[in-house]
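Each of the next two complexes has chain A plus one other chain: chain B in the first, chain C in the second.
Presenting the complex of A and B:
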């Protein structure tokens, strides 16, 4: 209702022939395609049903299982009981859960917020000026690591990091170093940086194209160094892109299951990020109720991160 | 305004979710007359064996012998049978997860091979039911094969006194040692240690050899149940007490601490390879290293002899197995200090074939089960090799030709122990695995035992835990 009032005020000042056009455009603002309400509902219904079946329902189902003691096998599988918030409380007191949260934070900060962001930007920045063939070659190599299936990639990294006869040990001259056992988190962070940089690189490449060349030229003429140019000329233009990119890759990384293929959460839980923790609790430990509760906590964590980023984005606007 | 509509939408959705939620759990239906006279039947056998990989001989037996012969026999009776084999080649824990999900979602094969120790969990979940219910009491007890299966072995397929399946055989654990490495270290080729100290002393001698890991005693969570069966449990019965006694599980008792101290002496003293225990594929690697003459002493079941280092079909072949591999009984901590005051101890288990209660053709699945457990089929499964099968008549014929397996049958089975067939066991096992993982990664046995006690109380309840 309040929204209509300024409109009326405006209309008073508009000459008659234009008034008709305005009225038409107002109708178009609510029904641009001219479908009418019923047909519009018909059009979106399939999409809404899909979302409902594959997104909303599983999410609600997860919430429901999360308040039961449902298990994969054993007596609680036949007759699960509602246990209220017990699963959430025991998660908050579970040392392994704390460990998983901490490792997830490390994983996201190390491999996404710092690793992929910086490497993606550096690649995009450095590749602007180079010869097209070189640029295309580097870009396709980076893309390749992004588009290969996870299982293939995991196998390749096994070959690189293997304790006996691994490529990395051969290169560094450190035979017998079990990288995935001795340095599990560091290995995973390097791995995931390698794996996901392509997205940041692509996003920053197109963002950099939006920086006016005249400003870069001016910066060059006044003798700004490379870093000064990035900080004072480029960054203000791409700040929104940086936030969007960081938001997306943070969420993807927090929910990434590929670490399981490399270390299975081991050794002794040293690389058990939340998705791996949930999988192991649910399927290896059979604690479906507890794992569902933890999934919900992960979902809430994701929402929290998303809200913080959105708040930052809005402040920019 | 907007918030209220969102809420108005959420509430009905939650209600719907809650209503559907009533569907969690299992509703068994008992009807064993299903399709008993069907002329066209399809049966699926599920096992953790695969051509060219894990238990390849078992896979070959099912595809090349069981399926053609059974189809032929059914055809003679005028039944058109299609039998499929669903092969798997995964770690035991992954395989268990898979069949648990199969059972849970109402699917899965008709005949499923599983570790006898999982029966309790599946039975309590209603995912498996007694053979008497699935097939019919009279039909089951009429099978003449039962008389050939010793009671101790039959018990592997029982839960709370009811038959759930037919065991495939049993096994026994020994200390294997590499005679070539022993010769280099000046140790005898007919080695038989009488205490833990003597095992560790032999380890000290082997330590002199470059590039050799003296002792491999499975530890950690990555090895799964192998840590329990080829590590903690044989050591524990060597301290005089099994994991479950007088209605209680052992918590942080003196015995558990002694076992964890054994792990400390091996893995902090440079006698074992701590990293190997933590690797995702550590057990497979331990096999490869043993076959490659890099491990001196290895606690394993007869599975190692017949399926791993076996010269032609093993997964880590050892061409000179018959001369290079020696074996000895597992000593108690001190002579006479083992369970029942024994000098030597062992642990045994075995796989079981069960009929999926969801089977569309339970009667025919039972026919196939009997067929697979006949003396002829059992002999064919061995294909000339030796193995301790479920059937005494077959064992009497085949074991004599193999010195290792006749040793297990003669000297190990009389002194062995079985795991308690309780649904809680896998949780206890997981806690034990974690305790060894803690010791291997550097915690003291006391710290590890305290954490184990806590985990155990959480898993099975305070009333079921002794000591601590």
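Presenting the complex of A and C:
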């Protein structure tokens, strides 16, 4: 098992991406059970049907709905008309859409690129040297915050951030501060850092195992500080992991619906990231066509990030 | 080697830092331990004034138990479909050179990250609406499976690629039919991989909020994830007698699965879904 690959099976991540791709495929393709091509196609078909109906078709249909004036109720619900690029043009002029894009960028930069990335690395780096029981304790807390259902997690953070009797106000001695109302984006960023750091921690833990101990020892002997060691010895070894990790967590964070559970986009759109914006336009505003056009932009963004990610994997493999 | 005061200070700073990080992750979770058993549960943490009244109240709530059963039904269908279909597909893709296989695998990998529940919520909602499948648990479970399948196939295929073919070959040499090889050789050998997908799919489906929230509008059909959200403004304010106990009940399966997996394999799976 190449230590460079994360050993965990992670959400929507391929555990050993295309390792030894060519050699592996050929050896693996031996049809040892005598399945035969026809039956093999039969084995793959049920999964492909479900994926086709519930994933590929909706993705393609987004394009069509996005060029219509389809609405949830009213005349345009019964007979939607094709309006061409009108939805995209109105998005360009929609202050709320600009706001949503900006907040999504802020959310991704703050909680994923900076928050989860740095905290995940810090945890992986610091926990190398501590006693096993302490390491296990910290790691299980980080992992629990990752696997608890999102609706439960939302209440946990209501209890932290509540105006009356919230834990944060008790700790800071700031009674009466309604964090989710006064600082909604900052709260969401801290929240999502807490929520998602586990992935980066796991990934960096396995990446750090690939740094040759002899180089770390040399750095220690020449008296390099912790920061110098990280920058000059560790970073060159894990550069690829930093990049893939950043791409993945950015993609997930940009598509995260949990902000809806905490602030529902409020107050007054101050925390309305793109997923929440899409939901509110479609289900609360009934503007299905317009919401679809915006979804398409999000899908294209995802596609771009995913293509870069796959390209990196292929180059490394 | 002399260890001066500077070294001591650094050690102290180090452990203070670890303690702060531990507190950051642990403190939000304390609420789940205290509020369910407090006579006056609130949003905030305090040492509980012990009672079991909240538990009784939760069990009396008209939809609390129903929604947990709904969660179970939804989850079992989604997990069974995902695991069965992914196993079949992964095996065939691992062993047989179907034309276009590499392209198919590439597209699956791409799909698994590009088409997220949030990006596709509008067409999924419209499609299920037009098919008359709003409020159908079975339909919702299938949508959840569709979303999980690409990643599940990929993880399993990778696993099956690592299983030696010699077992299957020897069984064939001894005259076993394809069906016998699959049932008595391939399935037992790939059990750990299948178990991983089973747990992964269950935890993902159990925590999924967005899709049931969109597609199951009738409260009697809703799983725990959605009901817990509804309790927030039931009758105008949060129902704090029921919410903490219910949150705890709803979290137990995930925590138990985490402990089991952690004990058996070390932590190798991910639960918790982000945004569908």
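Following the convention adopted for this analysis, the second predicted complex is superposed on the first by the 256 of 317 C-alpha atoms of A that agree within 3 Å, B and C clash if a C-alpha of one lies under 4 Å from a C-alpha of the other, contacts with A are read in each partner's own complex, and residues count from 1 in each chain.
The criterion applied here is as follows: a contact is a pair of C-beta atoms (placed from the backbone, for glycine too) under 8 Å apart; a residue touches a chain by one contact, two chains touch by 3 or more.
All values reported here derive from a predicted model rather than from experimental measurement.
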item	value
Contacts of A:283 with chain B and chain C, given as first, second, both or neither	both
Partner chain in contact with A:61 - chain B first, chain C second, else both or neither	both
Which superposed partner A:266 touches (first chain B, second chain C, both, neither)	first
Contacts of A:298 with chain B and chain C, given as first, second, both or neither	second
Larger contact residue set on chain A - chain B or chain C	C
Contacts of A:118 with chain B and chain C, given as first, second, both or neither	neither
Partner chain in contact with A:51 - chain B first, chain C second, else both or neither	second
Which superposed partner A:145 touches (first chain B, second chain C, both, neither)	second
Partner chain in contact with A:178 - chain B first, chain C second, else both or neither	first
Chain B versus chain C as contact partner of A:75, first or second or both or neither	first
Shared contact residues on chain A - chain B and chain C	56-57, 61, 65, 70, 283
In the complex with chain C, residue positions of chain A that touch it	7-16, 24-25, 27-37, 39-41, 43-44, 46-48, 50-51, 53-59, 61-62, 65, 70, 119, 122-123, 126-127, 130, 134, 137-160, 162, 164-167, 170, 194, 196, 199, 202, 248, 251-253, 255-258, 261, 274-275, 278-279, 282-283, 288, 291-292, 295, 298-299, 302-303, 305-307, 309-310
Touching residues on chain C, where the partner in the complex is chain A	14, 17-18, 21-22, 24-32, 35, 42-46, 81, 85-86, 88-89, 91-98, 102, 104, 106, 108-127, 142-143, 145-147, 149-151, 153-155, 158-161, 165, 168-169, 171-172, 178, 181-182, 185-186, 196, 200, 203-204, 206-207, 209-210, 214, 224-226, 228-229, 243-244, 247, 250-251, 254-255, 258, 262, 267-276
Complex contact set, residues of chain B against chain A	13-14, 16-18, 20-21, 24-26, 93, 97, 100-101, 104, 118, 121-122, 124-127, 220-222, 275, 278-280, 423, 430, 437-438, 440-441
Touch list for chain A against partner chain B, complex	56-57, 60-61, 63-65, 68, 70-75, 77-80, 163, 178, 180-182, 263-264, 266-268, 283-286
